[in-house]
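Quick heads-up: structures coming right below.
Shared chain: subunit A. Partners: subunit B in the first complex, subunit C in the second.
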Partner chain A sequence: MNIDAPSGNAAAFLQRYAGLADRLPGARVEAVRALRDAAAETLMAGGLPSRRVEAWRYTDLSPMLRAEFREALTAVDGAVALPPARAERRAVFVDGRFRADLSSLDGLDAEALADVVGDVAPRLNTVAAAAQPMVMLNTLLFEDGLVLDVPAGVDAGRLELLSVVSGETASTIHPRHLIRLARGARLVLLETAMSASGARHLHNPVFEIEVAEDAKITHVRVQREAESAYHLAHLGVRVQTGGTYDGFVLNAGGRISRSETHLALLGPRAAAHLNGAQLVADGQLADTTTALDHAAPNCASRQTVKTVLAGRSRGVFQGKILVRREAQKTDGYQMNQALLLSEEAEIDSKPQLEIYADDVKCSHGATAGALDPDSLFYLRARGIPADTARSILVRAFLQEAVEIVEDEVARDALEDAVTGWWNQHGEAA
Partner chain B sequence: MPAVEETLDTVRDATQGAYKWGFETDIEMEFAPKGLNEDIVRFISAKKNEPSWLLEWRLRAFQAWQGMEEPRWPAVTYPPIDYQDAYYYAAPKEKIGPKSLDEVDPELLKSYAKLGIPLKEQAILAGVEGAGDVPADGGRMPVAVDAVFDSVSVATTYKHRLEKEGIIFCSMSEAVQNHPDLVRKYLGTVVPHTDNFFAALNSAVFTDGSFVYIPKGVRCPMELSTYFRINAKSTGQFERTLIIADEGATVSYLEGCTAPQRDENQLHAAVVELVALDDASIKYSTVQNWYPGDENGKGGIYNFVTKRAACRGKRSKVSWTQVETGSAITWKYPSCILQGEDSVGEFYSVAITNNHQQADTGTKMIHLGKNTRSTIVSKGISAGKGQNTYRGLVRISPKAANARNFTQCDSLLIGDLCGAHTVPYIENRCMTAKTEHEATTSRIAEDQLFYCRQRGLSQEDAVGLIVNGFCREVLKELPMEFAVEAQKLLQISLEGSVG
Partner chain C sequence: MLRIENLTAEVEGKPILKGVTLEIPDGEIHAVMGPNGAGKSTLSYALAGREGYEITGGSVLLNGQDLLEMEPEERAASGLFLAFQYPVELPGVGNANFLRTALNAIRRTRGEAEVDAMQFLKLARTRMKELSMPEDMLKRGVNVGFSGGEKKRNEILQMALLQPKIAILDETDSGLDIDALKIVADGVNAMRGPDFSALVITHYQRLLNHIVPDRVHVLADGRIVASGGPELAHRLEAEGYAGVLDEAA
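== the complex of A and B ==
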């Protein structure tokens, strides 16, 4: 392959790789180099997906592919304003690089990926599938990330994972986070992705999360990046016997934002929550895509995703539940609902069931519509001004998803993000 | 014979089990050479004595087809089809009309009898002179039948009676000869010749089918019905049906399908186009019982059908009801384009897959006009090694203010070697529109089975009862004669799936 003269729609990324290959972490680790080269080769041959690819039929990446970006590897130690901490421990990434000076990881077995990439190389792309487009792009260019191990039986409490894009220049960052919970371990991971400026950037994080027997992770993502940002996240999760992945994704920023979760329930009694909310304003597209693989008996999955659309915006929900032959006694429930606040909004939803076991209980529901005029009338009749009435109804709609989150601090973070969004866009909606 | 008794007979026959429609009728046939090329298209068109515009349309379709790829997205698998290894034209040899039933080819009559067509209709179908003028039996609501054998419409009953109302019900070939303006005005306007791979193929080589035109303000006095049958070996059946309901017209149309038992797979690629103008209503019911192949998955029909309705007029309504029990592979999505304001689209479906059957079926509801409404109720039953997929699209355009859709897809699994899949696409671009979708998958509950068994029902009867209950919402949409037959078909289709 000649990566010096790349072609296809991923050419810009391949070019960047050609220039950075010797400077990226793991440049001298053969296994890492091999993964990156393989990703480059596949991207060179097939490019990034167009809307002709079924999984991307509603989310068009071409504005992102046309945009110009610069590499972010150089910005490492500038000052940056951080939001107040929500937890005692905090891992801070600025422009994709770990900032030890801003982080506090006391008592945690946590490292920056750039420092330990040689040791963890065998773990890369074992949970997230290398063939997934966003994993491929990340494999090509990942520059840092959080490597966290919670030992058996330890309750690690709450950890804030903060990602800030600071620069005035349009940059692309591709963090890779490896998180592993041993048997019976506990962790609440509260993630915030934000922009310090309005500059265009691409944030392409990949998570590889392993939940061992009877362990439990609560993973709440709050994405509120700049309106010009592209946020393309991929979460790979494997849950063993009796383990729980309790996830919530809030997409509330970015011109195009997609959060794609691929989760496998691999042992009996494992459980998954893939809840979420999307707040989409004028000119934005938000996409929640999930693929849930029930591969063992007696597992349960729950999913509630709410989308609120204002202005000329687009919301996408794609949720697939696969129940394998051996996954008897599966209990699966999925609900996605959209509220259209504007004549120009569009919601595309594709819930999907693929079932090969007979003793299962699986259902999904999907609704879309405007604010209920009867409810509005009810509130107005009681003297509540129209704006307030709308606010009450929209927030009540979102609350049904948010209130499922058990961790109070995480729930507060979500509620604050909803309030922030409504204050900014509620009036226009 | 009163309808009830007749129905009972049908049921008795049906309960004999297995595939009783697996006979082959040995009648003299005329074939075009095997294979598909421009000459075959010209041959078919010439054989039908078609006007030049139709031949040109066929040739354009053939050209388009050559540049198309077979769809690979359905959740079905089958070996590649050799489109050159089939007959594209097979017709019973023409004879001068017989004077009475005694002169009719007994094989043809036998095959009508096996299809369950009453004697009088048999006489008419066989073309006995004057038979069509006999009035119907007192008290019994007649059903006008158009029988399509392989690719050719053999005969149509009750023609004269319908003509009195101004209704045209005839084979497509006759319509091309006698009503060319109507055919030209509507053919290909709902399903264009470039629509998809199988529709393009059909447009190039279709040989016959049914044509219905209901004039303004007429309510069709009887059910119209077509029996489709693939008889000859190595033939593909490509019929084309066109139904037009003019302003204020109402019609109910039934379609039944059977085929002989064979080891090889046969292709059925039909196109059905419905047009409903202002205040018109069309009800289209299908009981599809093509040969499904044996329990090892050998043989059976590939049923790749394009069915679409255009609700062009204000307050028009189209209702699709389908019971899909046959075919090795079913690939069909009866759809409604809701253009007219206040138009209504409905889709009621039961699809059963047993043994090695595969079904990928569903509907598309395209809401374009204001206040359009659609309802989708789909019941999928998988047993044996069957794979059953509901695939549907609900699209609401920005102009479809106050549009409304309700969708319900339920799947029932019997046994742990089958699969049930649901793939709905919901695209809403209109704020005031409301869409609702719900889907469930489950198996027959132990307590339901226990309850039935306790009351002395055999395991198989109990399953039949529960399955019929599961499908009730759809079956009640069928005309009475069909409903009873459909219930029995469900039971037969599931034979051997419980143990």
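== the complex of A and C ==
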């Protein structure tokens, strides 16, 4: 392969890789180098997905592929305004690089990926599949990330994971986060992705999360990046017997944002919550895509995803649930609902149930509609002004998803993000 | 004083109110009775300003203010209250929050100080006790999972909190058992006074045994065809609408 003269729609990324290959973390670790080179080769041959690829049919990446970015490999160590802390422990990444000076990880077995990439190389792309386009792009260029291990039986409490894009230049960042909970461990991971400026950037995080027997992680993501940003996240999750992945993704920023979760329930009594909400304003597209693999009996999955669309905007929900033949007594529930505040808004919703076991309970539903005029009138007839009444009903619509989150601090973070979005876009809606 | 003069209204292009004239002085309770399809609910929605109820003529003045020029929320702020025949369920909207938002919205436009959460809770608890409402109804979603009687009591609770000048009770008796009916009637009677008037819209006379009206009007085919004292309601109960309507015609 001649990576010095890349072609295809991923050429810009390949070119960057060609320039950075010797400086990226793990450049001298053979296993890492091999993964990156393999990703480069595949991208060179096939490129990033176009809308002809079924999984990307509703989310057109071409604006992102046409956009120009600059590398952000050089770590900035300047001051950056951070939001108030929501937890005692905090891992802060600025422009994709771990900032020890801004973080506090006392008592946690946590490292920056760039420091330990040689040690963790065997774990890369074991939970997230290398063939997934956003994993591939991340493999090519990952520069840092959080490596966190919670030992058996330990309740690690709450950890904030904060990603801030600071610069005025259009940069791309590709963090790789490796998180592992040993048997019976507990963790609440509260993630916020935000932009300190309005500059265009690409944030392409990949999570590889392993939940061992009877362990439980609550993973709440609040994505509120700049309206010009591209946020393309991939979460790979494996849950063992009796373990729980309790996830919530809020997509509330970015020109194009996609959160794709691939989760496997691998032992009996494992459970998954893949809840979320998307707040989409004029000119934006938000996509929640999930693939849930019920590979063991007596597992439960719950999914409620709500999308609010204002102006000329698009929302995408793709929810696949695979129930394998051995996954008897599966209890699955999926609901996705869209609230369209404008006639120019559009939602594409694709629930997909593939069931091979014969003794399962699986239900799913999808709705899309405008605000209910009867409800609006009821509120106004009580003296509540029309704009306040709309705000109450939009929040009520989202509330059904947000209230599922048990962790109070995480719920507050979600509610604050909803408030912020509504203050900015509610009037236009 | 609510003064309705020659009010005409249509729904989906169909004339329903064909010239309603009605005057409710301060401090009085009037009943509007009528057979199904007479236009009773249209009258209440037209007064409250619901979309889709098009006013084609006439006027409605509340204490001299032109009600028809106002948005629904402005009518509420001016002192009009509609107790819905079918109260709407609002999942995700907490009842306490809803009640306090409404109360403060109205207090704001009246130039009164807003009540904070503690003050509100105290106020609401007192009113709820009077209406025999369990306190957990504050925590639930607005009308969500409420029985028919609970929904109607929630309407009366809203009325008691918002302290309107005039309340329109749209078939508030429908779907109520006798105990709930008494509680609702007590709630309305407790509001009686020189500054409160009400328009009680009902198909049956039984509610009027508990809320004794000053005047009774019969609405048929979009017009008031007969008016009288409380005895008119008893006549309707005894003779049915047919008898009274024949006489009026």
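The criterion applied here is as follows: the second predicted complex is superposed on the first by the 428 of 429 C-alpha atoms of A that agree within 3 Å, B and C clash if a C-alpha of one lies under 4 Å from a C-alpha of the other, contacts with A are read in each partner's own complex, and residues count from 1 in each chain.
Definition applied: a contact is a pair of C-beta atoms (placed from the backbone, for glycine too) under 8 Å apart; a residue touches a chain by one contact, two chains touch by 3 or more.
What you see is a predicted model, and the numbers here were worked out from it, not measured in a lab.
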Will subunit C clash with subunit B on subunit A after the two structures are superposed, or do they fit? fit
Tell me which partner touches more residues of subunit A in the superposed arrangement, subunit B or subunit C. B
Partner chain(s) touched by A:328 [first = subunit B, second = subunit C, both, neither]: first
Mind working out whether A:380 is in touch with subunit B, subunit C, both or neither, as first, second, both or neither? second
May I ask you to decide whether A:397 touches subunit B, subunit C, both, or neither, giving the answer as first, second, both or neither? second
Superposed, subunit B and subunit C have a smallest C-alpha gap in Å of 15
Need the overlap of the two footprints on subunit A, from subunit B and from subunit C, as residue ranges. none
Listed in rising order, subunit A residues that touch subunit C in their complex are 372-375, 377-386, 388-389, 392-393, 395-400, 403
Across the complex, what residues on subunit C touch subunit A? 48-51, 71-73, 75-77, 82, 84, 87-88, 90-93, 98, 101-102, 105-106, 109, 141, 158, 162
Where on subunit A is subunit B touching in the complex? 54, 325, 328, 338, 340-370
Contact set on subunit B toward subunit A in their complex: 73, 398, 411, 413-443
